[in-house]
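Scrolling down, you'll hit the structures one after another.
In what comes next, chain A is part of two complexes: it sits with chain B in the first one and with chain C in the second one.
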Partner chain A sequence: MDFINLLSHISLKHIRFQKARMFMAVCGICLGVAAMVSIDIVNRSVLKSFEDSINHVTGRAALQVTGADSGFPEQMLDKVRNVPGVEYALPVIETNANLAGGKERSFMILGVDSLQDHQIRNYSLTDKSADIPDPLLFLAKKDSILLTREMAVREGIKIDQEIQVQTVQGIKKFTVRGLLDPEGPAKASGGDIAIMDIYAAQPAFGKEGRIDRIDLSFLPGETLNTMKDRIQSALPEGYYVDTPAGRSRQVEILLTRFRKVIGLIGFMAIFVGMYLIYNAVSISVVQRRKEIGILRALGATRVQIITLFIGEALAVSALASFLGIGLGIVFAKLTVGVVAQSVTDMYLKTSVRELTFSWDFLIKDVGIGIIASFAAAAFPAFAGARITPVSAIRAVPYSEDGFLLNRKTRIASAFFILLSILIFTAYKTAGPSSAFRSSAATFSSMIFLVLGVSLSTPAFLRLFMAGFHRFFSPRMGAGVRLAGLNLQKNISRNAVAVSAVFYSIAMFVSSSSMIYSLNRSFLDYIEAVERCDILVSSGHPLAMGGAPSIPMPEEMWKDIEKVPGVLSADPFRKTFLNYDGRRLFLGAIDIVRSMEYNQYILTAGNRKDIRRLLPHQDNIMVNEGFAARYRIKPGDFLVLPTPNGPIRFGVTAVVVSYVSDSGSIWMDINTYQRHWRDHLADNFAVRVKPNESIPTVREAILDRFGKERKIFALPSREFKGIVRDMLGRSFTLTNAVNIITLIIAGLGIIITLLASVLERTREIGVLRSIGMKRGQVSGVVIIESALLGAAGGVLGSATGVLIGWINLEGFFRLDLGASVQYHIHFVSIGWSLLLSIVFSALAGLYPARRAAKTNIVEALAYE
Partner chain B sequence: MIKLTNASKKYQQGAREVHALKEVSLDIRKGEFLSVMGPSGSGKSTLLNLMGGLDQPSSGEIFIDTRPLHGISDDELTLIRRRRVGFIFQFFNLLPILTAVENVSLPLLLEGTPLSQIKSKAIDLLGQVGLGERIEHRPEQLSGGEMQRVAIARALITSPAVLLADEPTGNLDSHTSEEIFMLLRNLNEEGQTIVMVTHDSRAAAYGTRIITLKDGSLSEDIRLGEH
Partner chain C sequence: MNRTFGRGVLQYASTIIIFMIIMLSSSAYAMSGREVYEKVHEVRTKSLDHKLEATMVLFDKGGGKRTRTLVSYSKKGNAESYKALVVFKTPPDLKDVGFLVHARTFSDRDLWAYFPEFKRIRRIATNSQDDSFFGTDFSYDDFAGPSALDDYSFRILKEDAVDGKPCYVVEVTPKIHRKYTRYVAWVARDLWIHLKIEYYIDKELYRTGTFREVKVISGVPTAFKAEMENKETNHRTEMKLEDVQYNTRHSDDLFTQRALERAGK
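Then we have the complex of A and B:
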């Protein structure tokens, strides 16, 4: 009851009478929750689009058999059909294609057995196609294709129209035999899907004799697990039998790092929110120190004081959290396109058509917001409860009160910093299978570091001001000296503003350094391994990474080399393997020719061995992230699944490669072709003869192949620019959270300085009465603000450098390998310091104006 | 009513130790109006803080209605402050966000009593101190004298054993001060025990007993007889 009394008679009045401060606190928390909600929505929407796509394409299939991404021999189909209990086992080819004309949009080709596929998938045709007796039968004609109605309308395609499609064989003509209603498979891939007969799709997409998947149903009475075991045992190693839901889970695993990074940003967002609440409650405690004293004198217990402040924080955060949901949905709408594009660039093609959100996770986000508010409010609330009535009622200067400078705070600060160091040391020294070797460990280390440093801000500010007085103050005018003294007098309160700046600058510097490090490492890597002059690909310019591509015949290199000015054209082929539940990247190259101009960076093994052991032999190179995870070294052997069963490969070297965060394996293209029987290439690295012009040769390549297929002939510089853009896009959300953090820091400074000016009304009045001009008064407040910004900027930059390193370790080096070097981004540190001072000075403008307007007579009468 | 036995209070002020109160023994009877006098720094406010449970003695014993104020937990001390003591401060110490009636009700609100049950009592008390027409005014809308009347009403709402007033007119003009002293004397005449700290001998004369402190020690104790 007493809690309700306090909340309704004191807290709500504060909220009502201090509208500006409350508005800023609500804005900050609302932004934090909005960031978290939008990240949650974007993450779920991306996953849901994959899941929906898989479910729509799967139809009534209970199980699916998959092998290597490049496909597997169709003889496997007979093995599966012969398994007792199997009702239907139908082959599927699932690949990408591009429309050669129009918007050149990429879409999914589903190659199915046109005679039997209706047994597990439903195809509903539009009315205009109704005169076709059985459209699937039409597909038996090699040039037939069914499009979705949505795609046809968008591209202006009609039934019986001929369309040009980019295939492995180049641009091929197909006739649209019907349009599919948005049901079943037609809803997959956001409607960007076309159906073909599998026997027409195989040659068109370079999969003669091979299929990508077998979808199957089983007879009534058979159980899922029994059938799964039976089919699995009928197939060689390297084949996976899973439910469609299991495949969705595989996609989730594939996107692990994407989800980890996006999760980190989500945590950062909520941490920003927590920080703001901590700030708001701290300021509130400092500002209402006298009120606390009065309440304590009148008989309020410490618990009542704590509940008062926590209750207020919860009330404000509950309101702000609900507002944050709405704003979060808006943020999600604005960012989902960019994030989906990043996922397409790096992992799998995705097209998010609608946002996925449900009340349960929105409530969860609000719940997290409120719990985080509770945790954030607890420390300053406890500090408030420690204020003695005597010290608060008498006008004791804050520095004498020192509730944020006491021994317990210093011990807590040292404890958190030490804990952070211990966790990080454990992470660095733990073995690959240890629980400490995880992103969770580095994340905890980062949180404890931020907490520890936050608690040390009063001590740091005292040190900073001591330094300022010693080295700068004597050379400055009276205004600067006065500003310095004011700050020193109110260390506790001013430390809260420093904390706000510290946190935002730390986040800004850490993410800038992390992004800079990744950019440098990736671009250095690309520089080393892509030293060709022109990169020829079809489909997606980033086909050498995780992006979906439309491969070309490997033999095409011979034709490219015939183009005048071309010195050499080396094919590159990629596929993915299932290895220990991970989707392992397999890159195949002509190792001898490639080594003539590319510089593979080895972390173990010998360069000569690569040249000697890799060509035509069952040997491979593995990337360092993979090698570290499985403790693989040169000389070890690795059994890999191939379409022809498991093969034992010798490891020749450990190489730096960032193409996949699940790990990558590299082998000679001849070895690959021998085992995978796949004679396609995803791109060609073209070198131009000395003294030949790259643009001229590029034009010549486009002239030669442009008519028969859509190709990208990207000069090296353009390609690197695309990589840079892709990296930039992948950090959109991080940058958005950084901007929000900076805004919140600005709000924090305005709140603090305003509080400071209001509390010093009498003092300002005295200064005005003895002859200080209005301009001088506002000058002092602005200098104070700039000094607070400088202190926060220095502390934030130093901590940001450490946080950047910790996050790079846990979120990138862990997956990509230790060769991802940490580079401190000094430019962003310079900007941070400048921005923190300028931004803080700007934040001080309004409080300065208020101070300058102080009425002398009223101020001197001020209690 | 209030009994102090060898009560001392030491403070640490930087590196210096300040002996604010030195072994003061005092017995205040029910219904007394005690005026505490002494120059600045003599320990008057420290003595009042100890009697009101705002602070605890470094040594010695303090009892209020035979209940010890020394060596008890913070929560126990807080409840004694809330239920047995009424404070009147020099600077009124009203909460600026609350109206007069809410400020008066505050000690009982802390007790968990709903405002609806307190309001009539609070209005009555405001009427008694002459503010019946200003119950919904906030402190900024009141004069200094009116604010101190609100503070007196607030101090009375729990029917405390003792009213402790620390320079209650230190911030008021002489006419208003006179009114406040009369109010306190009337309360005392109705049986309310009052301890008032003042450095003004005219103000002290409103009391029934005057003690004088010097350098933290009791130097004089004069009983003036009943009014």
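Then we have the complex of A and C:
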């Protein structure tokens, strides 16, 4: 009998009779692949939106010169223009603005040299791609702005209409001089972009005499590397010459942790799928062992039996994987907005307008689904092939044939767990530059731990049931004892269900603990460093990290302090600078005043030194992640690029700061202003006088400034609430995968119990014939199910606590620093145990119903 | 085989005939295209010492109309060098917006613009010469004086008449990179100025100009009314000269960046 014959005669028949079970298996695999596909699509769509924005805004520029994010002197333009081989060197300002009316939509302002910019970018003030009735007026007036046609239609704006825009100078009126068709830069930022002449944008956005970037092309015959070197050597240190693709790479580096976490979630999704296939094939082997016995007795070889089961798994997984693509696209559509918002809050403004599909990754996901199915099916398929025809036909309990309880499995389990411990120990003890000090190490440790614990499930279940019989069973009724005995009778089969519950609970507990730890660390940090009463910001309520804020003049603190009830208002300025290829966060604060009420958490150095050495001096604090990466300690020196050239700064202390994955540096705002010549502030920390009401002072601040600029004045509690929401949003995908995992675990339990009920048809018939009522029979099955859930819940919770720790180490502590403490989230463990028991009991309802309906006569005849 | 050979002979013969026709037709005119343009160039060079006041009316595709007035000064230097200054007088939004040209030769020139609201002189890229002159349908090149004849090749297509004035219709093809691939100009035979011009990008007509009300002022034929239409945007600009003076011999101080900032005052 060849493979196709086996499939068509045996497997298809089996599938036809087991529609419900096959449906559930298909659902599980489909969900697993869907999770992978959606994660891939979301991840790529976010990255693609960045890439597209960069490319559209870049135009034909071959190289770009960047400096500090706060801008650099426009005189640098002449230096670049004078480099031999440069054809065009054009200045650019890229900044954020908000419409002051309507939905107060945020958009990108691209300030360009309108007279020359068409040399590099694909648009013109007079060609068909734009409707600009009077280009001369656009050039001559400072209030000129061009909007994209898409944005104008959406906001109901027409040519020559005045619009109010939130700028550094407050709410300013601009006149829409024309509309751009969706070509070139007008396609960037999802169409949320406006173009201004650079010399009009400079004062409006606080960049007088400064530019953000130089886009350049070079003469034919010049090579990229030569030009790059030539321009780099003409510029002071701290300027970065790179291709637009290089800038995309910088964004990729910035999003490294985001991508790593997304990757981890993707992996979890694959693992869930693998579990389900393993589960399905295992149950199939258990349920059809008599059939296997007959086939073997009729002369079928072991290879044929293996091929049959693997073939079935592959056929089902292929179908399910293709269905998973469709479902994954739906998931991606549902989650992409939340993920994009989360990236905007934490890293860079992004606007994902369309999902990015690519056949290669869809094929990859389907491939992974099928390969994972193969790997998952292989183990039970081999086990099925080992069943001897005699034992199968005589219906010897499967556990006696069990492969999961043998010595080899126990050794393999111990080996994987030990390997996991060894890798993790190596990670913890390795130096910062060691290869072991990486997410890859913690990831491997996690995999081996999951594998090791999975293989130990039968042993654990045996232990669990022994404990149950010793401590609980004697005090319970006959039904409970019977359920316990039933479970003990077939440890290997039941271990499969326990594994499914274990894995989903482990993932749930690990991510809950990880999220809880991060939330606690972040909120503790915010609590320590933001102890003001009201936070005044503009453009974005947080105005910290990578959130796209609209800076305000630093001098505004004086006006805020004049508001009745205000005790003090301290400016905070953030910028980013290029350091060792990374986008380093630089925060500037009034160190003396800030230390009066904020409690900076130091991991090295002392407060006295900060007060003594930071104000007005060339000294800085660095965060612990940065300090660990570059082995920096107080007393060391660091040369930082400033718009005025490289400056040597002394390191005074190492502080806890989670504002950036790439590292952060803190200095006194006076020092910052001296070197960066930037007199803007992203927010003001306002303290209210004693006995003054915070809401009243907040209203007074809004009254005072509300007419001239759109500001957020958030009381401390509200601000922290927004941070909490933002953190919550950032884990949306993780939570979604957790829910999928729990659903799949539920399906796994239903499949397992159904198989168990079918296998025990005769036994149930006997019980019914000696007087057991239908309710009692179904009660036994439900209790069995709940016990399986409890066993999986206990093992999953314990493993989840460890996985959460490992993941926090590899995906967060590595970047943010050792101060991110791991906290076990006991609430989620409690919920997990409760959920695993209740969920499993619910999953047992259907099999219980089937069991209760068993016809006594037919059951007794069943063999 | 015979058929192929026959077709080859036919093609060869046709090529010869067409070539002969072209040669005959070229030699049929009293002048070559280049000679026509040498005359045009001569008139243009003469017009380089001037002061003129003009009104421009811009019509957009929706029928909207924007009017502006300007004054233009120009001074011829040695050989091919010249300087020019254009200053807008009205509307108030554009008052004192200026445009300065320093040409070292007919093909090598610097262009600057000045916008009073910004108080900043800005350079205009040299290869922007075919771009719109401040939103009008004229190009910077239309205001920047004559071009170098060696950068173009000329071919007389036919003789024609515009408003009853006999013209040579000359096809001018740039050897250097320009926005257009060629233009066809109707050059008045006795005045040596354009009466009509059509710019093409490959076979596509994208800009047309007409020049009317020609008067001879101080020996320089001058079209007092010009209209340029952009076929791509359906936008057109009418320019009417109000006052024209030649041989003005302006001071060099009028063509400095400082003068640009002061709107020629």
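Basically, the second predicted complex is superposed on the first by the 836 of 863 C-alpha atoms of A that agree within 3 Å, B and C clash if a C-alpha of one lies under 4 Å from a C-alpha of the other, contacts with A are read in each partner's own complex, and residues count from 1 in each chain.
FYI, a contact is a pair of C-beta atoms (placed from the backbone, for glycine too) under 8 Å apart; a residue touches a chain by one contact, two chains touch by 3 or more.
Nothing here was measured: the structure is a model prediction, and the numbers come from that model.
*Asks:* Is A:L463 contacted by the first partner chain B, the second partner chain C, both or neither?
*Replies:* In the superposed model, A:L463 contacts neither chain B nor chain C.
*Asks:* Between chain B and chain C, whom does A:R302 touch in the aligned arrangement: first, second, both, or neither?
*Replies:* first
*Asks:* Does chain B (first) or chain C (second) touch A:I294, or do both, or does neither?
*Replies:* first
*Asks:* Is A:V838 contacted by the first partner chain B, the second partner chain C, both or neither?
*Replies:* Touch partners of A:V838: none, neither chain B nor chain C.
*Asks:* Pick one for A:Y199: touches chain B only (first), chain C only (second), both, or neither.
*Replies:* In the superposition, A:Y199 touches chain C alone.
*Asks:* Could you say whether A:I411 touches chain B, chain C, both of them, or neither, answering first, second, both or neither?
*Replies:* neither
*Asks:* In the superposed arrangement, which partner chain does A:D113 touch: chain B (first), chain C (second), both, or neither?
*Replies:* Touch status of A:D113: second partner only.
*Asks:* Does the superposition put A:V153 against chain B (first), chain C (second), both, or neither?
*Replies:* The answer is neither, since A:V153 touches no partner chain.
*Asks:* Spell out the residues on chain A that touch chain B in their complex, using ranges where they run on.
*Replies:* For chain A paired with chain B, touching residues are 1-2, 5-6, 9-10, 13-14, 17, 290-291, 293-304, 388-390, 393, 863.
*Asks:* In the complex formed with chain C, which residues of chain A make contact?
*Replies:* Counting only chain A, the residues touching chain C are 88, 113, 115-116, 118-119, 124-128, 132-142, 199-200.
*Asks:* Looking at the complex, which residues from chain B come into contact with chain A?
*Replies:* 49, 52, 54-55, 74-75, 78-79, 81-83, 87, 89, 91, 93-95, 97-98, 102, 105-107, 109-115, 154, 171
*Asks:* Flag every residue of chain C that touches chain A in the complex, lowest number first.
*Replies:* Going by the criterion above, the answer is residues 58, 60, 64, 66, 68, 88, 93-94, 97, 113, 115-118, 120, 122-125, 127-128, 131-132, 134-136, 230, 232-233, 235.
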